[in-house]
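Two complexes come next, and they have one chain in common, subunit A, joined by subunit B in the first and subunit C in the second.
After this line comes the complex of A and B, so read on.
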């Protein structure tokens, strides 16, 4: 039975779903799946299938290196979790990630606030926005080469430090166990703060000026306005950015590999470099797969919080 | 929504799905025997005559443009019916691609190899036994400078060898009163100490863990130069006196302050820059860097010489080397044709040509690169090569790069005075034995 409606001169027939012919019903039901099918298939092929394969490899011994590898269950996981170097890598990864993300946030909000200031003319802010965003434009390989040269014992930074009397001889920033982790963390901070800055700037520009005006009228000082208006307004963005940055930073491989290779000794060994060496230096693909699965699980914990936060926002 | 636009959207969705399925089908692995192409004979029939060999290597990008392809064209003209498809890429990605190919059974027919990989690839059964190929064609193996064998079977043949002599900055040495390159360890240590000071150091020692070949070229080379060994009967023996004396010798130079700073993350390229820019008086480096140095700093007055040996040593000196090696994939359906390509590359004239354009030394004992004739430095290096013997015990070892890294880690601790010499060598020995 159809529902007829008359709008103006036109009669509109609106059929209820159950009145549609079967083929039309199927067409309507399948259409949304058709639109998401391309991406779904790609994700399946490029993400889920490789993950499933790696999980499978993690339960095999000597996988890839021999035509027939044995099933060893969770033995590879046991080997990884009882390897001291794994914990060194995990500790270094933690320090590197927390340090980088914290500094990214502080630098990002600072530069974003400066760029959002009404004290500077627009063209000045445009120029500085372009300058501040420069580190983001470089690939990791270029960043690694650049900072290896800058931090070289005979590099520019040591030249200024020695010339100004801060140190007597050039510091081996990347070659010394005492400074290497600090140095790579600094490089990562330099490379990653523009992402925070740009996103927080967009957030700052979305905060209504009325709030600040009202707060000024109530006698709030700039720091109080920042603490009670700016930060709460930016909170959803900050939480998203922090979680995403933690996921990305914890998986940073190229920067560490190209600057220090995980050295000196194990001073900058991270979980990704540890996994890489297991695979491509030791050819222990089963162990490397187990390490990769552990990293995946740790990342999924962070991803869980990110998704939960996004759902709460919605 | 209008009925016909709903229909159009539904149709579009199905079309997109169909397109994706077709794309996925198009990405499917190539069918078997695709390296053989049918040729139209012109009378309406086709013949399965042409073989296409895939050759994966990192050499082409490192050679003058077009030079390697020209050699392949020459091979093709001499072997009608065989075509060579070059699969070229950087060194590190070549290794990873070979592993991927080995795992999936889709390795290229002919593969460029580094001696450090051979044992591991041979273990996977992905390299063909070239001894059988040589025997099948009665190949004269005497002309090969070396073969990399595992359990009596040849899996890699070095096509060209890049030797690593000692480079000395003659002006820096002369300014410190050293009139000729050092020939033994005492002279080396004294020269390094005399030169060091005011931003200049006697020696640059790269010990980066990312690329730990400094252990091969800059540390173990001291052992091999005096006829010593880090192995015994093919098994690790790093606690012997050859190795401990060499390690202690380097520690003494380290404590003298004669080694350029930044060693623990220094790579080969950094070492070369230290030398080229006049900040390090001596380095052990690849012969192929002679032209790099000349181009970067034409004013630099430098020499090449043999690695200094233990005082009083008069035997043949081992000279470290790295090779461009070649092998055949076990999964190749054209092993005979692949061997023809290898024979061509190892022939006297081609090997000499390839050595010349690569600034390397030939893998064929009868070949002579043309650069040694007109160039004093290259001529000198060739004499060192011929009077000594190529020495690289890491070639053919399992997980060779990781062995270097394991030794490197302990060596860094020793240089930093965190571990004694005996403990350092003991830990290194145990970690090596674990890998064999």
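After this line comes the complex of A and C, so read on.
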């Protein structure tokens, strides 16, 4: 070990004596740019150019469908922002997102605390952790189909509800106006809590046991320990997770598309399904682009808070 | 004092077990029902009263999927696309993460910020321009079109996670190799990568999952049945005249197997890497 050190030092000295040729200096300065070149090109092609294109499209009439589309300024935005369905979609997206993220947090922290309990042996916790992670293994398309079967009027969930007397006859959860939004939110809660749970569990394992020991000697009850130790310690993780989950949930398309398609009527219409239909059902690519740009701006507000929070933690 | 403490522990242990059991039912019952349904006859799916094991128990649904070339093609397509995306993402992310971790250069901060923000760009915003770009580039209904577009989802995470990992490796490793006359690319491939296998496994797993699960772009950027991936394939089963529930459930089980295997093998790496990259960074 010490031998290598001496050899290393000797070589540094010999290197320093010779001045590097200018071309090599240039090479050295350019090296990091070589490393980031592929990702820069890809981000340019996959994000910057597409965003420029979609902004361009949003100012055109009949774009894509006809070769000569004419410039209409902000008129597409005006049409979108005066369309009642847009506000219904925005409201549904809001309810869906807040409901999902809130429940993801509550379930995530509850399950993570249970799995972190010192009262159970490790193998029991390993088994339960594997079970709790299960929803994470399935793609949204699978989750959508599975829950269509479970929530079918003749399905197993209605069977339990009817036989236990909660409801009289099987409920059409996904095709009644009154229950569809609740049902898709519930499905999304089931699908999405494991990510919260896993991250919070890692966070819980990082909190020193000493804090809890000291608190219980002072007579703090479990709930007080949770409020005054656990929550403050996990705060940075929780904030990151909540913002990230809001970004992802508000962009959810496949789950809605494959369970209700935004219906019945517009009961579960969300901003992504609304935009998709404008483009690929109505072929109104100009209007769809305007809606897509509005969604982008809303997401960027969330991104701003996320990045500011991440920066503050560094 | 010690005795009361033990009594309290016993009481709380009961509550913990009750909580775990309720949670396990919530998480696990739908999955149990999926597996059970995949072994039923289609006519038994909504039988009254429902039961986990029926007289018609058979693996017919699996057989009919595994012997149908059209359905096997969905799986082949998904594997091809997901594995290609994983390989390409790893190469591009490792290069970028190495620069972020080891070099100071003008534009580093801005590029980092851009990569963070790309995570928040909604897929639906990119869909319309991607559609016309992909058509213009003659990549509509091709594997290349899907592979290229999926990288917009996979790269930001992969770079953030890899950078976080490289930052934990001592810079003396690089210095020593540099003194031996190795060029930067050689340092990366011969010195850094061999000790970065855990991080690459975790990034690779995450990337594979994103690509395997993607739905919106696969729906819009491919057209013919022979180009469809598993998530769209499951939907196509639903779109036919009658719902083949047992086959859909069998295909769901088969579609989840690659992810399940990745989890079983790499769970430790994966969760560690995810929390390191997503949260601490």
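FYI, the second predicted complex is superposed on the first by the 292 of 314 C-alpha atoms of A that agree within 3 Å, B and C clash if a C-alpha of one lies under 4 Å from a C-alpha of the other, contacts with A are read in each partner's own complex, and residues count from 1 in each chain.
In the analysis below, a residue touches a chain if its C-beta (ideal position, glycine included) is under 8 Å from a C-beta of that chain, and two chains touch if they have at least 3 such contacts.
No experiment lies behind these values; they were computed from the predicted model shown.
In the superposition on chain A, A:166 makes contact with neither subunit B nor subunit C.
In the superposition on chain A, no contact is made by A:106 with either subunit B or subunit C. When the two complexes are overlaid on their common chain A, residue A:259 makes contact with subunit B while staying clear of subunit C. When the two complexes are overlaid on their common chain A, residue A:214 makes contact with neither subunit B nor subunit C. In the overlay built on the shared chain, the residue A:31 is in contact with subunit B and with subunit C. Comparing subunit C and subunit B on the residues of subunit A they touch gives the larger count to C. Contacts of A:74 after superposition on the shared chain: neither subunit B nor subunit C is touched. Of the two partner chains, neither subunit B nor subunit C is touched by A:231.
When the shared chain is aligned, subunit B and subunit C each come close enough to touch A:64. In the superposed model, A:280 lies in contact with both subunit B and subunit C. Residue overlap on subunit A between its contacts with subunit B in one complex and with subunit C in the other: 31-33, 35, 38, 42, 45, 64, 152, 154, 257-258, 280.
Contact residues of subunit C toward subunit A in the complex are 9, 12-13, 16-17, 19-20, 23-24, 26-28, 30-31, 33-34, 37, 45-46, 48-50, 91-93, 95-96, 98-100, 102-103, 105, 108, 111, 113-133, 148-149, 151-152, 155, 159, 175-176, 179-180, 184, 212-213, 215-216, 220, 230-232, 234-235, 238, 245, 248-249, 252, 255-256, 259-260, 263, 271-272, 274-275, 278-279, 281.
Against subunit B, the residues of subunit A that register as touching in their complex are 27-28, 30-35, 37-38, 41-42, 45, 64-67, 148, 152-154, 169-170, 172, 174-177, 180, 257-266, 277, 280-283. Across the complex, subunit C is touched by residues 4, 8, 11-12, 15, 29, 31-33, 35-36, 38-40, 42-43, 45-47, 49-51, 53-54, 57, 64, 107, 110-111, 114-115, 117, 119-120, 128, 131-135, 137-142, 145-147, 149-150, 152, 154-156, 159, 163, 190, 194, 198-199, 202-203, 222, 237, 240-241, 244, 247, 250-251, 253-254, 257-258, 271-272, 275-276, 279-280, 285, 288-289, 292-293, 295-296, 299-300, 302-303, 306-307, 310 of subunit A. Note for the complex: subunit B touches subunit A at residues 6-7, 9-10, 12-14, 16-17, 19-20, 24, 95-96, 99, 102-103, 120, 123-125, 199, 208-212, 260-266, 270, 279, 399, 401-402, 405, 408-409, 412-413, 416, 435.
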